[in-house]
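Worksheet: one structure, shown below.
Labels run A, B, C and D following the written order; every chain starts at residue 1.
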Amino acid sequence: MIDKDTIAAGNAHADADLARDYETLGERLDRRGIGIDAIKAKVAAYGVAVPSWGVGTGGTRFARFPGGGEPRGIFDKLDDCGVIHQLTGATPAVSLHLPWDKADPADLRAKAEEVGLTFDAMNSNTFQDQPGQTHSYKFGSLSQADAATRQQAVEHNLDCIEIGTALGSKALTIWVGDGSNFPGQVHFGRQFERYLDATAQVYAGLPADWRLFTEHKMYEPAFYSTVVQDWGTNLMIAQHLGPQAFCLVDLGHHAPNVNIEMIVSRLIHAGKLGGFHFNDSKYGDDDLDTGSIDPYRLFLVFNELVDAADAPGFDPMHMLDQSHNVTDPIESLMSSAMEVQRAYAMALLVDRAGLSAAQDANDALAAQGMLKAAFRTDVEPILAMARRDKGCAIDPIATYRAAGYRAKVAGKRPAVAAGSSGIV
Amino acid sequence: MIDKDTIAAGNAHADADLARDYETLGERLDRRGIGIDAIKAKVAAYGVAVPSWGVGTGGTRFARFPGGGEPRGIFDKLDDCGVIHQLTGATPAVSLHLPWDKADPADLRAKAEEVGLTFDAMNSNTFQDQPGQTHSYKFGSLSQADAATRQQAVEHNLDCIEIGTALGSKALTIWVGDGSNFPGQVHFGRQFERYLDATAQVYAGLPADWRLFTEHKMYEPAFYSTVVQDWGTNLMIAQHLGPQAFCLVDLGHHAPNVNIEMIVSRLIHAGKLGGFHFNDSKYGDDDLDTGSIDPYRLFLVFNELVDAADAPGFDPMHMLDQSHNVTDPIESLMSSAMEVQRAYAMALLVDRAGLSAAQDANDALAAQGMLKAAFRTDVEPILAMARRDKGCAIDPIATYRAAGYRAKVAGKRPAVAAGSSGIV
Amino acid sequence: MIDKDTIAAGNAHADADLARDYETLGERLDRRGIGIDAIKAKVAAYGVAVPSWGVGTGGTRFARFPGGGEPRGIFDKLDDCGVIHQLTGATPAVSLHLPWDKADPADLRAKAEEVGLTFDAMNSNTFQDQPGQTHSYKFGSLSQADAATRQQAVEHNLDCIEIGTALGSKALTIWVGDGSNFPGQVHFGRQFERYLDATAQVYAGLPADWRLFTEHKMYEPAFYSTVVQDWGTNLMIAQHLGPQAFCLVDLGHHAPNVNIEMIVSRLIHAGKLGGFHFNDSKYGDDDLDTGSIDPYRLFLVFNELVDAADAPGFDPMHMLDQSHNVTDPIESLMSSAMEVQRAYAMALLVDRAGLSAAQDANDALAAQGMLKAAFRTDVEPILAMARRDKGCAIDPIATYRAAGYRAKVAGKRPAVAAGSSGIV
Amino acid sequence: MIDKDTIAAGNAHADADLARDYETLGERLDRRGIGIDAIKAKVAAYGVAVPSWGVGTGGTRFARFPGGGEPRGIFDKLDDCGVIHQLTGATPAVSLHLPWDKADPADLRAKAEEVGLTFDAMNSNTFQDQPGQTHSYKFGSLSQADAATRQQAVEHNLDCIEIGTALGSKALTIWVGDGSNFPGQVHFGRQFERYLDATAQVYAGLPADWRLFTEHKMYEPAFYSTVVQDWGTNLMIAQHLGPQAFCLVDLGHHAPNVNIEMIVSRLIHAGKLGGFHFNDSKYGDDDLDTGSIDPYRLFLVFNELVDAADAPGFDPMHMLDQSHNVTDPIESLMSSAMEVQRAYAMALLVDRAGLSAAQDANDALAAQGMLKAAFRTDVEPILAMARRDKGCAIDPIATYRAAGYRAKVAGKRPAVAAGSSGIV
């Protein structure tokens, strides 16, 4: 963890300016009838989970270029995740991936407590073969033609639930890469039936207070068809499974040009929005840092979430899911968590009564202007003050760099050779 | 209509070669265990509807360049549609668009009978303002914020049902351009609620033996959001409305790269595939001639349809929906109807038992090879022989050109000035 | 024009708050080493041209829904453009389209002077047929197979230069829709040769102080191929023609996902960036208001322009080109002109030395953070103060609405029927 | 290699049917004025190179699932490539990738001769770090900010030329993944300058009879920008370097919806079309089997190539470049080589005089009909007869399976663990 003095020193340096900026922003918001402290309180209460696998350097099918101090396993990863939360105060939970993060649950709980974290949704992995695995997932898992392979995948998911229960998690996220690379390779209908049947077996194993999230993705690793290819199929699945099943939206998993915020709205309407994997993308499932490519789109998603926030039972899960190929993963995750907070804060500034009135009057220019007015507002002082109030860093990236954390862990953790596979 | 002697003369010229080609193709299919006459019988029984508006030259927002002999109204259009069916034997029904095609139902039935056609689905129009219309659709129709505008749109659709009933139609197709051009212009959720409520009023007016088709489209004329933007929303609508409601798939209405044949499969699985608007596209809703850009994709759609053909109650509607900007519309519609037949004929050749076996064995190369073997087969002799047997033209385009139909109607129908709007 | 008292009244209302916001923003920028007055001076000196056709309500191929007070011709259009510049101070020039805007040059110059405008690039039109035109552009213009049609198109462009010379314009913009709707319809190579030859004839007619801008577009109105489909072809053209030929970039004319700011950089590198048609798009050539869909992308384009600003001879043309289907066109053009200014102002705030250093150090997170810091800054007080200093409106939209301009012109200009074609 | 008796046995089985099909196809072509033997001769003389890395099972960033008998190194790979050519007669050359395929040149030449192959273009690799490498390519290679890294990349390319010269190769293909993952990470202009400078150093090392191919790609492994992102940049590079530099087109490296056959035409016009990496794609750089997704697009590319075939000096390089994740790579490469031949054969059938006439007459329907008539023709008997005449297999896939080659090599080559990286 980062030394508290380092945080304090950084904050001391920035404190006066922050106070001034918070004050003048408050003044401007006041003119718009918005109380800055109330916004700050909501931002302070907001958290986005981080994925355990996100703290390692990611890669592509072509190469992976590890950095210094790559985490050796889940306990190193939890250390790194702890630092992210320590500095930002924005990432109170971590999401585990099995079997990558397999360890004694008691040890995991102890370590998480030590670094100030809880456990978010569990993630199963049936898109890779593990050493010694009986049946290969080369041709699919939950939707495979072969029944024994499907059964193996079901059991792995049930294991994830069991382990998650021991950790205090309350949800399972299923993403499969099942699909096909050639027209004709699979029968779309029969493959989907098999997926539904297998997933129903997993669903049957859910504790009463758990949720099951299924995740759609247009393509990759399958390049002609994917069994859960879009939100339409995802909705059919959640409807088929039952009330504990919900759809997960990863911002990078859609066709080009698709209006994602509208999909969010439709899933809200259907009562099936389960949550998010936040990231950004320009081309495909690029897994870039959240808000780095199209920050207005991220804001528009949060505009839907804030709009729906008071609906009964509305409680989507928020998580980052990125691949950090050219940055220090801890820096990217801190930066991204703050981008998510920023989008949330800006969405809170939207004049919703004015917006409704403009919409009802078909005053398109005024309506869009209200969104733009919120988006234009530089809410950084609100985020920074929320952090400062919690004892976190006013400027987490600068503080992290000043603390020399990466160099310290690089001294303890052995260097990793380049060239191995993409995401683990 | 085309003089029968012209048809006979054209056929006489081609007859011997056709007989020879049909014989040698039959021989090759025989080796694959396929009886050519059974395929021909299915192709001969197949029909695809033509849209009344398709026989006029189309255009874009930039310009429209009419040809000679543009139809002056629905009765000219029925003449042109009659010629298409006379020569191809493939387009037994015509689909009307109201109010464009408004006329006395008895006159319409008489004319249709005269030219050998029946009436397919009725199409309502709430994406344009008509002279004297009380409420404008500038900001939408069935989903408008204004209740009176929605009511007007509902009533227009009920009118369409009434007129269609008098014509012997059995279906209403609803496509609306409602959406928005700016983030914030509409509230996605409230707009969708209004759409559902208004459409339910139309649904309530359906006769018991009618079907309601709703059509999704990603964009255009709305350029930020569209209320029925994709098959997921379309499915929610059909589920909301009831058992007579189905989803219509226009091949050009999807996001880039989307796997359309898989959407077809999903809608079949949901029991909600209503039918098709066939055309082709490279960029957006280009409304190009069917099969002109990606004939394999068209084949893959028919591969799904043939696969599902024996499912109980499976009866999707088939129609062409194209914009003919640079060709004689009659030629394009004839050519496209034959392309649809061709895709159907090729799909009938797929070795389904072999395909299933390869799929179950995860033998991707063999499975795709079976589709390719069917697609590679030149089924033109089957199509041509089916036409010849019905007294239609072996080569409809050549016969149509030889008959000089366009020049004849250009002599009777006044020239149309260039530059007016796109699609009517 | 708008009454000066109305402007003064609106400004009086907002003046104190603006002064305060400008002051506190100045303070914050000062801490970053940026002098706010210097930024304001650059913003005040910046102008973007408006298109004469932009002040009329636009449409799609499906419909057009005119608003009240549609301009009856070029002199009404110049009135409307004058209002835009009067209130924003950001649009000093107007770009004419021939033959739409044909009138006596002396009258045009007098009217422009009256409303405070000059003339930007001239635009030719060979994508529509005009009444009485000898040869049709149905199958293309400058690249048509028919030589006489090409010649007609060349002469029209030469006319545009002649008229433009009389108006004080210094550039001709050529956009053609030439292309094809079917594979095989045109021979790509021969069509391109014809385009190059015809355009060279136009180029030969350029006065020595004129520039020729050619504009690429992926598709529409041609839906299979377009002769100037992308910047690669556009660059080949500009290289072929000579030193007065440059490439025009319309932000909405690219393939999905394309990195437009990188194209801007490549054209700068080639010395062939001619200028911009600013707008925004989500799907195709949507011609939406600039910055309304992806404001960060607009900023990234200006980041390139500011970066290259000091290169010798660097002088790209800036123009809005939008279709206003659901808003008052005057409001949309004012709002868009200010969005362009905003992107420019934010790009001026980028710490270029710091950015270069981070780039050279491969510090991706720091580098992107510098762009984000600029983009996050709410520069509205700078823009508003620049307007106020010029006697323009602090809040142009509110002032315009308060002035009741639209109602006034609607009283004078007859209502236009709905339903006619898209863009004129 | 495959036992000759196995080939003979398979051919004996199919011989009579092939003779009959060749005869009746010849008859049909004869009616169209085409001599089948001349087409067969051209097909027989045609060859497409295979990539050494293509015979190993590929993967994605998520996983790789090796099959049985994975080649252990370049000598096993040459064995596999030899089998492909032995059975198809269509793949006379192999393209090496360094350092993956590094070995003593004399041994490589001897092995190649043994299996009946020659060496096509050499491929350098600066997108991965090799063990012991001094400078990392994490942030790029030929365009890196760091000069020493660029130098290392240049030298590796010069090594490739040296080794290739020893092998009888005549070309070097450079593909780099250099780019950025964040706006701001790189300066587009400076990065491009560095790329041009470094590549010019490689170009300077080319023997007089060599060609240099540079390859563009829209994205992956870089996800915001790529230094050679499209054909426009690629053309600038080839123009910058000189007369021995040409552009390589990989069919899967373009933006969605892009008209690739038109890019081929433009590069032909510029005299800079260097060659192809054939494959197919539905979403991104999917590296699927050639012709498996959109066979008409492949045909349209060959339509351009056949059209330009007689241009002086026109000699593009043809190679397969695919990732075989779910099939036996040998089967996929054989099947793909035949798909390329098929597209070539169909393109040879186009009535070019008729097509030109229809194009000049703006008869779009007739023009496209001529392409479709060629594409509809089942040319399999021509391909099969060309193989048979050479002593290759009439049905290479069936013969390969009958020969049990995969099982045999699986007995000799040790099993490979799943899960390692994507492409090697």
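Heads up, the rule we're going with is that contacts are C-beta pairs under 8 Å (C-beta built on N, C-alpha and C of every residue); 3 or more make two chains touch, one makes a residue touch a chain.
For each chain, UniProt lists the protein as follows: A, B, C, D = L-rhamnose isomerase / sugar isomerase.
Everything numeric in this text was worked out from a predicted model, so none of it was measured.
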Any chain touching chain A and chain B at once appears in the list C, D
Of all chains, the one whose CA centroid lies most distant from that of chain D is C
What whole-number Å value describes the gap between the mean CA coordinates of chain B and chain C? 39
How far is the middle of chain C from the middle of chain D, if each middle is the mean of its Cα atoms, in Å? 42
Could you list the positions in chain C whose residues touch two or more of the other chains? 138-139, 180-183, 185, 218-219, 224, 256-257, 259, 282-283, 289, 292-293, 296, 326-327, 362, 364-365, 368-369
With touch defined as at the start, can you tell me which chain C residues reach chain D in the complex? 138-139, 145-146, 180-190, 192-193, 218-219, 224-225, 229-233, 235-236, 254-259, 261-263, 265-266, 268-270, 296, 300, 303-304, 307-308, 355-356, 358-362, 364-365, 367-371
Within the complex, which stretch of chain B touches chain D? 17, 20-21, 24, 27-28, 31, 256-257, 259, 282-283, 289, 292-297, 326-328, 331-332, 335, 362, 364-365, 368-369, 372, 375-378, 380, 397
Under the touch definition given earlier, write down the residues of chain D that touch chain A in their complex. 58-65, 127-131, 136-139, 177, 180-183, 185, 218-221, 223-224, 256, 281-284, 286-289, 292-293, 323, 325-327, 417-423
